[in-house]
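The structure under discussion is supplied below as structure tokens; questions concerning it will follow.
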Amino acid sequence: MKITQETRAHIQRLRTEVSALHAELIRWNLVVWTAGNVSARVPGADLLVVKPSGVDYHDLTPQNMVVTDFDGVVVEGDAAPSSDTFAAGYVYSQLEWVGGVVHTHSTYATAFAARREPIPCVLTMMADEFGGEIPVGPFAVIGDDSIGRGIVDTLRHHRSKAVLMANHGPFTIGRTARAAVKAAAMCEEVARTVAIARQGGTPHELDQVQIDALYHRYQNAYGQNTLAKGRSAP
Amino acid sequence: MKITQETRAHIQRLRTEVSALHAELIRWNLVVWTAGNVSARVPGADLLVVKPSGVDYHDLTPQNMVVTDFDGVVVEGDAAPSSDTFAAGYVYSQLEWVGGVVHTHSTYATAFAARREPIPCVLTMMADEFGGEIPVGPFAVIGDDSIGRGIVDTLRHHRSKAVLMANHGPFTIGRTARAAVKAAAMCEEVARTVAIARQGGTPHELDQVQIDALYHRYQNAYGQNTLAKGRSAP
Amino acid sequence: MKITQETRAHIQRLRTEVSALHAELIRWNLVVWTAGNVSARVPGADLLVVKPSGVDYHDLTPQNMVVTDFDGVVVEGDAAPSSDTFAAGYVYSQLEWVGGVVHTHSTYATAFAARREPIPCVLTMMADEFGGEIPVGPFAVIGDDSIGRGIVDTLRHHRSKAVLMANHGPFTIGRTARAAVKAAAMCEEVARTVAIARQGGTPHELDQVQIDALYHRYQNAYGQNTLAKGRSAP
Amino acid sequence: MKITQETRAHIQRLRTEVSALHAELIRWNLVVWTAGNVSARVPGADLLVVKPSGVDYHDLTPQNMVVTDFDGVVVEGDAAPSSDTFAAGYVYSQLEWVGGVVHTHSTYATAFAARREPIPCVLTMMADEFGGEIPVGPFAVIGDDSIGRGIVDTLRHHRSKAVLMANHGPFTIGRTARAAVKAAAMCEEVARTVAIARQGGTPHELDQVQIDALYHRYQNAYGQNTLAKGRSAP
């Protein structure tokens, strides 16, 4: 594969960005040991930048990030890429708008996944961010494209940018890697809040009109760069 | 609007104070990503200082705080203000003694809010700080003054400086922004303690005489500056 | 009161020690905002060194610690002492072997206190440290000696160095202030572990012979200075 | 005992490694106060390197680590070794492939231990890491070889590198001390996730074919050095 000067510049920027975003996984308590990773699509190329497999978060640098194609074949880097690279590559190949994919085993989201139960939309911040429930994806074994297909098939039918893969854990997508990390942090927080709310009784449900109003306002009016950050999926 | 020299000095001080207080939201685990904010009234002016919308807590500085009037119209600053500015402005316009407003989605308080259930007063520290239960406010959609009205209408009838807005999360008020942040931290802590107490059975209730004795002592005798810090509401 | 040269040296050392020990309350998540404190007896004098009331943990220094007599009357210091000083002073006046008293509202211990339920001894580390259950003390209002009496009356009859004051929270005692802080940390940890164990069913009880064997071994053989650290109560 | 030059070099390296690994126990919230320890086998000698007993994690240095034989007799060091040294020594004497032993009282794993209940394998990350359930070992009193025997007798029959000693807490083993620390971190995380999953209902079970597929892939294909890190037990 020929890598253009422009692609090389994107890769350099994304090595720094992807490496740094792993600190957010730690900061928001989404990962233990090395069990989570971030990847980013390289704009204009069928390439992605991803964490090396099994490497401690404290040892990540822009230099040891790995560049692969969408089949997980290493294009740049001495290390093996994250074992979730194949799944991420499938997502990038199918959903053109997606610029980042994140996988964690964050505790409360994974607890819902263990019961194969979607997270119901009973919080305004969940309506804001996810526009409804967070759905469950199929049980899939790592190593072929079944995880990637499960993510894509499930999220095509939902506003949610997070999916709980059965007995496994959450995968999140976003227009950028940073947006996918935000979705991972918010997915865990709503899972935790809903789980704790239920311990004391039954949460009050939001109706679809309320959810729609919250979602559209948030996607269009929140933050500093609404055009850049707004509705992120077709 | 003409800004006097004295008002300008207040704004400078409050930019530093409000910016720094967001670190307390992180320190006490009250927020995830950018989901919480602090504002302060500018003394002697119908103005407030507030966090910019959607900006990372690590990127907050005195300089990027936003100054608005009580309708949320920006008076100073390049960034859009927090989307909760309109609610805070309404509170300042209605309750003259209030100098600070805080909003979070802290987990345990929000879990009570999801069930639209007040937090019962079963702890001495809750009697000290809140003088009784922490009440639930109405369900309100962001964007008009319905959140602000919900906060004011609910807290007028309670000693509590915290209200759990239905399916949304806690808002707290105080004579100063720092006092409102303290109320936010204590609100989450009592929500958490009561929720955990209930998992194992039924907490022992405090009667009104006990609650009153604890509240009056704490409001009048705790800390270093009881005159300044004491009874903070009419 | 005449303060001897030797007493003055003890006070200097204890100002540093008591000030620093508050960092352990934060480190082990035992306190929120300013809701906890450490005090130490001044050897050979009816005096104690204690945290000033309502002061942020980050602002504590050896210099702003307060020295009082056992009735809470300030002997040295410009600040008001912790509102728990009177309770601590009573404990020092009644139990000569006690060199440190700690009070927190740590979440899980306080949850047991809200139900007025002792923590049962179902863990080896609990048998090691507390020699049996952690008992509940009476409901007492702050401000007279009823909290101090409640602590002393309850702990006289138990091996435990921790007592859960009803609807209030844990108080712990130790031969040194550091030992009392350790008891506070371990009290919260066993409360948390037992509460979580119960969520999934009924913990397996330890019998008295097992508890006694664990307690005596730990009190006599653990750590580096068993003579100094060992059996700490008559 | 004659210590060869080569053994001396191993001891120097392991003093640094074992000392540093205790920071991981803190980092992943596996320990409170001094209640956990790491040891490592000295290759080619019947010796181990272990934490001194009752010493604060912040005071650990390569220099104050203790070297003992497999009966816990001190060979190098001024301090008493961890009270779990005897148990660790027994494990090293019986299982030649084991290079590290870790003991904690991490909360959720200890909660399962208090109920004497194994952790069921309902998560892909648990199948990956442990290859099935995490078993319970017998109740054993510290001080003779009964804890060591309980660990060895239980783990001989399981893929799991973690055992929950009844009413006590988890012990983990690994080809290296670092691998044993990883097992301790993952043991707590799966205990926590399974406990939280159960609060909301019944997790979906994995069948043995699924578990086997996940385990074999992970042991053979994850990380950077699969030959060195792969199947770690006979």
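Order of writing sets the chain letters: A, B, C and D. Residues in each chain are counted from 1.
Quick note on the criterion: a residue touches a chain if its C-beta (ideal position, glycine included) is under 8 Å from a C-beta of that chain, and two chains touch if they have at least 3 such contacts.
Here the structure is a predicted model, which is why all the values come from computation and not from measurement.
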Chain whose Cα centroid lies at the greatest distance from that of chain B: D
Angle of rotation relating chain B to chain C [CA atoms, steps of 5 degrees]: 90
Centroid distance [mean C-alpha coordinates] between chain D and chain A, Å: 32
Averaged-CA centre spacing for the pair chain D and chain B, given as whole angstrom: 45
For chain A, residues that touch 2 or more chains besides their own: 199
Contacting residues of chain A [partner chain D, same complex]: 32-33, 35, 52-55, 79-80, 83, 105, 107-108, 110-112, 114-117, 139, 141-143, 166-169, 195, 198-199
Chain C - residues contacting chain D, complex: 28, 122-125, 182, 185-186, 188-189, 192-194, 196-197, 199-204, 206, 210, 213-214, 217, 221-224, 229
